[in-house]
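What follows is a set of structures to go through.
Common to both upcoming complexes is chain A, partnered first by chain B, then by chain C.
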Partner chain A sequence: MLSLTTGQRRVVRATVAAAVLAVIAGCSSGSGGVVHGKSAGNVFDAGSSGIRDVSTKTGGTLNLIADSDCDSYDPARTYYGHCWVMQRLFSRGLMAYRSAPGTAGLDVVPDLAEAAGTASADGKTWTYKLRSGLKFEDGTPITSKEVKYGIERVFAQSVINGGPVYVITYLCPGGTNASGGCDSYRGPYADRSADHLGLSTVETPDDSTIVFHLNAKVGDWNYIMTLPASTPVPIAYDQSSKGGAKYEFHPISDGPYKFQSYSPGKSLTLVRNSYWQASSDPFRKALVDKVVFTVDSNDQDVDNRLISNIADIDIAGVGVQVSTQSKILTNPQLKARADNPFTGYTRYLAVESHVAPFDNINCRIAVEYAASKVDWQTARGGPIGGGDIATSMLPPSVKGHEDFDAYPDNNGQGDLEKAKAYLAKCGKPNGFTTHLATSSSAKGKAVAAAVQNSLKRVGINVIIDEGDASTYYSEFIGAPSVVRKKDFGLMVAGWGADWPTGYGFFSSIVDGRKILSQGNSNYQETNDPKVNELIDKASSTTDADAAGKLWADVDRAVMATATVVPMTYDKALVISSENVTNRFILQSIGGIYDFQALGKTAP
Partner chain B sequence: MITFIVRRLMLGVLLLWIVSILTFSIFFIIPKATHTSTAALFAGKAPTPAAIHDIEIKFGLDKPITTQYLDFVRGIFVGRHFDNGPDKTYCPPPCLGYSFVNNVPVWTEITNDLPVTVSMAVGAAVLWLVTGTAVGVLSALRRRSFLDRIAMGIALAGVSLPIYFTGLVLLTLFSYKWNLLPNVHYVGITDNPVSWARNLLLPWVSLAFLYAALYARLTRAGMLETLGEDYLRTARAKGLSERRVIVRHALRAALTPIVTIFGLDLGQLLGGAILTEYTFGFVGIGKLSVDAIFRQDLPVILGVTLFAAFFIVMANLVVDVLYAFVDPRVRYS
Partner chain C sequence: MTAPLGVEGSASTAQPEAVLEGMGSVSGRSLGQIAWLRLKRDKAALAGGAVVVLLLLVAVFAGPITSLEGQNPNTFHSDLIDPNYGTPRGSFGGISSGHILGVEPVNGRDLFARIVYGAQVSMIIAFLATGVSVVIGVVAGMVAGYFGGWVDSVVSRMMDLLLAFPLLLFAIALVAVLGDDKAPGLSADNTRVALLVVIIGFFSWPYIGRIIRGQTLSLREKEYVEAARSQGAGHVRILFRELLPNLVGPILVYATLIVPTNILFEAALSFLGVGVRIPRPSWGGMLSDAAQGYFQIDPVFMVVPGLALFVTVMAFNLFGDGLRDALDPRSNR
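This part shows the complex of A and B:
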């Protein structure tokens, strides 16, 4: 008698389902935003390039879990990638990422808009038309005014803070001040106009049209409109006692699910939004009836629940614990359930060119050759948990990434001969002493020790300075004056794109004109005329492929400055329950499962 | 008796005042020591100086530290308005501050998480008090018997095993392996009392195992000491039943140290059972305080510390009052 294991039965079921679906839908390879892409068998990392357990079965409860809550559920205040993926369940903006595995998921598709925004000849005016029949969860119609109001809220930074501020940068009337703030418009709560719609750079000529007048040419505006801040917000509700800072406790849904209950830091329950119409939505299928997200403070327990099929998906997507990693990799059945996606982050060493002796490019190049990327990778958890060795800044999950290595170093081991030669060129043949800033997290400490050991091989003595993990980026290395004062020649850093294009990745971290006195992300103060010029050229190019090639040039130009030493392209080992269908990694937002596409095999 | 309670209450208030001053000093010390701006913590991932300035004005962080402290104390009794122009936030009394990270009054955070901690602590306390003292009494009465040795052996194991070990073993067996109690999570007692008890069973057993072991050993030692006292021999000679001798006379005297330690243990647990909450993934006062420390959410650190100190002070007060009932000598003195 033929008997199949659970795993085998699942493979057969998935294969049959995939075959049927492929015949019916031709794998949905149209241009819309629907889930498409090849179905994947249940083998290791299948979800990174294909869809696991394809199904159209509806019903059931999706049990999401994580060791902490989202930073915010207010679309204008959230900045965690996985929380942006959560937003896809209950909020819809003008644009969204295609729901698809692999590189197809990097594309943007119109969501509330009926088509992608169209730019004027000078690239500064963008116009969107809304679909018809859109409604909030209480049945009131959505117009362009609510979309404009949602964007205005970002300007009220003392109330609505924490999220990305690109709309302030490009829509502030008269431009932003030296510190990046907007003096001419302070948000809808300070707005004296009767309708609170006083932001002059955004026009709503009719209920279905919204026009943005940018203060610069921005080729990526359609990507910026994928950020949750382009979600409409009902004006009267937000101006009431339930709105403003409290809006995050119950954002008004325009997506397939709405808040049923939310206990901050504990749990969130979403139920179907009866006013959402599948016909008005380009990709959401809303297969499950209910979504329950539970915060479980014990991250080991989170892993155990996933393995035991008690919970379905860990929304954080940062990977399992070290002990679980070895458990998964040594058990073939568990390994077949696991995925190992790129998270979109590049981990790197920032080399401050204003701190001696790094004001000499040869000293910086010496570090490029002396640092051991393999040791760094090991410190972060090896090739599976830590990521691939990086040879350039732009990660593989961003459009425009090209493989090149400006400083070949024996596959990441370091080229000590070349390092010594460059040390001699910079007048420090016996090395020198410098300070390395790192965060107080376990991984921060581990990679700092790895850098210290590898640079010692050529006589560079590193003194490690630890900064508190909670304020490391915003305060410890985010103020150039502090960095210079503390002589931080080297800084442990990491960066993930806010959207998967070169602009989304590079604009904040290497553009010399965006060095801020506080909250600075260009930690190493790269300010190279060639880099700046290429950024302008690439960012004003609206053709995605042409722009991609230009961003690869930016990457090369940045590497030529030797102000950054790319170490690893981050990866995470993630595992999900066997009870969820349609599992695949959405590359565009942090390499996380696309929660809204998931279904359940059992209640 | 009333004078005694009033005196203790006044001492408790004095203690809380001193704790509040010491804890409030973190607002001054931490930003200085770490070269960070308190307002920047509230302003998100990439704060602009303008946003930080607005927040400083709104929360009064630009004022002298003494003014900030007085505002804080006033807020506990009358509430506070955090206003900056049209941006208004009200924190009703008792206002223990406003969380920079979660954007809600600290009191709201505490009262949201308190049911979890109280449910866990009180349920476990009942369990460990009943089983611990019962096992202790039985062991003392059957001294050096097989039962005594087994009970004390288990008690020794209970005292020695950390909560995360016991909890993990219970979770592995009852949740992951046998699926008898899957998906352990907190459910409010008013939402579903049965589900509430069912989900709290493993935390109760884990906590009770640790504490009951200690209480059993303490009760046994106290009972053995009391059973050798002359007044018990007198009681028996008067013709009292053995049950009355044990319960009314021996156990009552042996309970004095138990009451002391029970008050402190319960007070401490109500201030946050961090390891138990972490092991079972619950979000109570313990998790709230640990998160606040990691995120430098200073108002929450301050609020939770004061709250925990309040429980300890109250527990001590209750213990002192109970003494008077358990041991008449306290009342007479």
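This part shows the complex of A and C:
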């Protein structure tokens, strides 16, 4: 998913879905999603594993702030992780992440659905039943038709674009075309049928049942249904002049809050939705009466407002400014208020095996040993602002993460003797010259300089090529032909999963069968038979814990190819005002506070 | 003067010879001497000139100067950085006997060495770019002013066009498009420097071109040009043998004034991330790094390159202003 610091787009155009069938354990029916966990003391990072200041006090106004507005409030068009967390305030889809700190927050629970979806024996047909008594903010009842319509909107990519497109990939009748688009269904605005419900792969046999006929086995479908696009959208409203591309200015709520006023790029005010019933909701408490989100483009000002209790939470969750970081860490009172969660991103160096001399695995292994992870960590902001030293690809917030180190390198400092030995094996004992692609952001430049400096120690000369930060992933390193033409032997990369499973993390970045000519995310073109085989095996394993172990095996196999050098597991230093209650980090979506759970001590 | 009629001329009987009695032989002063005398009296200009000379020496001898300090501009000193904050250990940005201006946050590179090498980059780009713009500007300005008519119209409109161009945006786009290409025979690093020189030089020629055109317009009517023409001198000879020597003054003055503009332009491009390549130091790039929030916790990191830029630009401007006053005291400021 997207994170504001990286500005990277995660449009995954997977045409072939690797398979899983049946339900993911841990989200079986009946397991409610209520907030549980003990109250955590107010010590540093307490909110990452527990809930701070547990309270049931209602009322008050929650003041949210960020340096920029959400990409969109249309549930089908948003791709920022923190905006998905915002959606939890006013939109409910079929499934949702449990509102809980720690790993319990990685589980999916039924939201509009009365139970998690069930798959047919072949894993391609998923059925959901809706709860009864659900209503939109205007009092009209919600049926399965509105849910289907919400999914259909994603297909209208000329109008409704920007969000994840997994539903197109798996629901396009007859399969997607070569560029991942759907020719057989172009969304409800081009839909000639009277009810605009012409998508043949989604059936609504009655008002409370919705059936998905996927074109491949997808074990993680319940996770895909947590994406905001599974929110129902009222058909008549969306077909009116207020709908379509303008729907984002006032999406119709089915959650505890609804839009009162919104001025794009400035502020958003949410008030209670009287048609929402707590009894129909598995986890939302809706403690505050009003939520006001203000955009403040001055990052320093945002930090100051949080510290002085004027604003409550920075929704972007990318961490405070460096100057604020030193202020927080040197002041025990401020430090006790702060949290330091993993953001779910792994930062790594992609080593392109098709660019000489990295076609020789020994040259790749030399980089594994020579690169200084500590310098990279410092360049990204140190152990607190930047993240932990990474020795594997799967971040700690994803199920299946195991601690192992395929290339022990003196705790991230680098093992120069081993690096030189592998350089000699590669036939380049005196090193070589290669290009390193990086984004032109401040941190992109800083990590590139760190890599350049650390590889120089063994004679590898690095020429740094900067790509514009906004198009770095999509254009600069997202086309293998360009990468090879420009001789990018090394590329600065980062990846966060759209949902916290090994499949959500690995499928786009190391599967050799998903190397795309455009919008590629397997930057280093890893195509290893063993990795591919293990991915298939892991994604077809039904038991979540067993699958997790297999994903760790995938991780080991990927490391054995030496095509990626994991550098850091991203962390962010975040702080909030002292006036909020029930504060904790939702691990599943980018390590961001679960805004909907928050209450206020004072108005 | 002419004495009014009928007035006794007794008051004006002083003999010039008497006034000059006792003095040595009289010799005329060359224009250069007069200019130097005037310049000598302008203390600010002299100070500016001294700083300029010092900067040039620093740029030329960057290697020996940094080795005197015993540092290298690109060596990381992670041990001097507090990993939690990314800031230098110790006070005032890590100033110590080994690092006389402290070290950069995050990677601990020596600030003095980077300032010195940054001066080199600034000077190379600013002087070469000034050379480019002076050559184009002088030739175009002289041709436009001398020939007049449609030639003047074409060249002048071209200058107007360039002056009206959003050149910063254009420069950013150009570097973004061509920045990763390699010119034959040049390293990737030097290709970027050459690209910056061409871009900056090309966009600043109209400033000098306009002035030279104006000067040429007035000079071409002078008697010595008439004389040369009547003796059958060709256009090229008149342009380069008659006019050019008389334009040296303004050329020198405006070249000196373009240099600081170009230094600032290079710094601006580096600040915006399209300057010299990593890890080559540049003052603008350092300011840009400092502006990422470090200026609040490590002000030295912003103050040092900021001061370097300020002093340099100030020195060139003072010197250029003084030079203008000296060479052409009638010109307006």
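One rule holds in what follows: the second predicted complex is superposed on the first by the 572 of 603 C-alpha atoms of A that agree within 3 Å, B and C clash if a C-alpha of one lies under 4 Å from a C-alpha of the other, contacts with A are read in each partner's own complex, and residues count from 1 in each chain.
Rule of thumb we're sticking to: contacts are C-beta pairs under 8 Å (C-beta built on N, C-alpha and C of every residue); 3 or more make two chains touch, one makes a residue touch a chain.
Just so you know, these numbers come straight off a predicted model, no measurement behind them.
Asks: On the A-aligned overlay, A:Ser323 touches which partner chain: chain B = first, chain C = second, or both, or neither?
Replies: The answer is second: A:Ser323 touches chain C but not chain B.
Asks: More residues of chain A are touched by which chain, chain B or chain C?
Replies: Residues of chain A touched, chain B against chain C: more for B.
Asks: Looking at A:Ile384 after the superposition, I want to know if it touches chain B, chain C, both of them or none. Which is it: first, second, both, neither?
Replies: A:Ile384 contacts chain C only, not chain B.
Asks: For A:Asp465, using the defined touch cut-off, is the partner it touches chain B, chain C, both, or neither? Pick first, second, both or neither.
Replies: second
Asks: Could you look at A:Val374 and tell me whether it touches chain B, chain C, both or neither (first, second, both, neither)?
Replies: second
Asks: Which holds for A:Ser68: it touches chain B only (first), chain C only (second), both, or neither?
Replies: first
Asks: Looking at the overlay, does A:Glu417 come into contact with chain B only (first), chain C only (second), both, or neither?
Replies: So A:Glu417 meets neither chain B nor chain C here.
Asks: With both complexes overlaid on chain A, does A:Ala448 touch chain B (first), chain C (second), both or neither?
Replies: In the superposed model, A:Ala448 contacts chain C only, not chain B.
Asks: Once the shared chain is lined up, is A:Asp206 touching chain B (first), chain C (second), both, or neither of them?
Replies: A:Asp206 contacts neither chain B nor chain C.
Asks: Answer with first, second, both or neither: which of chain B and chain C does A:Lys266 touch in the superposed model?
Replies: The answer is first: A:Lys266 touches chain B but not chain C.
Asks: If you lay the two complexes on top of each other, which residues of chain A touch chain B in one and chain C in the other?
Replies: 468
Asks: Any idea which chain B residues touch chain A in the complex?
Replies: Touching chain A from chain B are residues 34-37, 40-52, 54-55, 58, 84-87, 89, 102-104, 109, 112-113, 171-172, 175-176, 179, 182-183, 185-186, 277-283, 287-288, 291, 294-296.
Asks: Taking the complex as given, what residues does chain C use to touch chain A?
Replies: 74-76, 78, 81-87, 106-107, 176, 179-180, 188-189, 273, 277-279, 288-289, 292-294, 296-297
Asks: Show me the residue ranges of chain A that touch chain C in the complex, using the header's touch definition.
Replies: Chain A reaches chain C through residues 299-300, 321-323, 325-326, 329, 374-375, 377-379, 381-385, 440, 442, 445-446, 448-450, 452-453, 463-466, 468, 486.
Asks: Under the stated contact criterion, what part of chain A meets chain B in this complex?
Replies: Result: residues 63, 68, 72, 77, 79, 156-159, 161-165, 177, 179-181, 183, 189-190, 244-245, 248, 263-267, 294-298, 301-302, 304-305, 307-308, 310-311, 467-471, 473-476, 482, 508, 516-519, 521 of chain A touch chain B.
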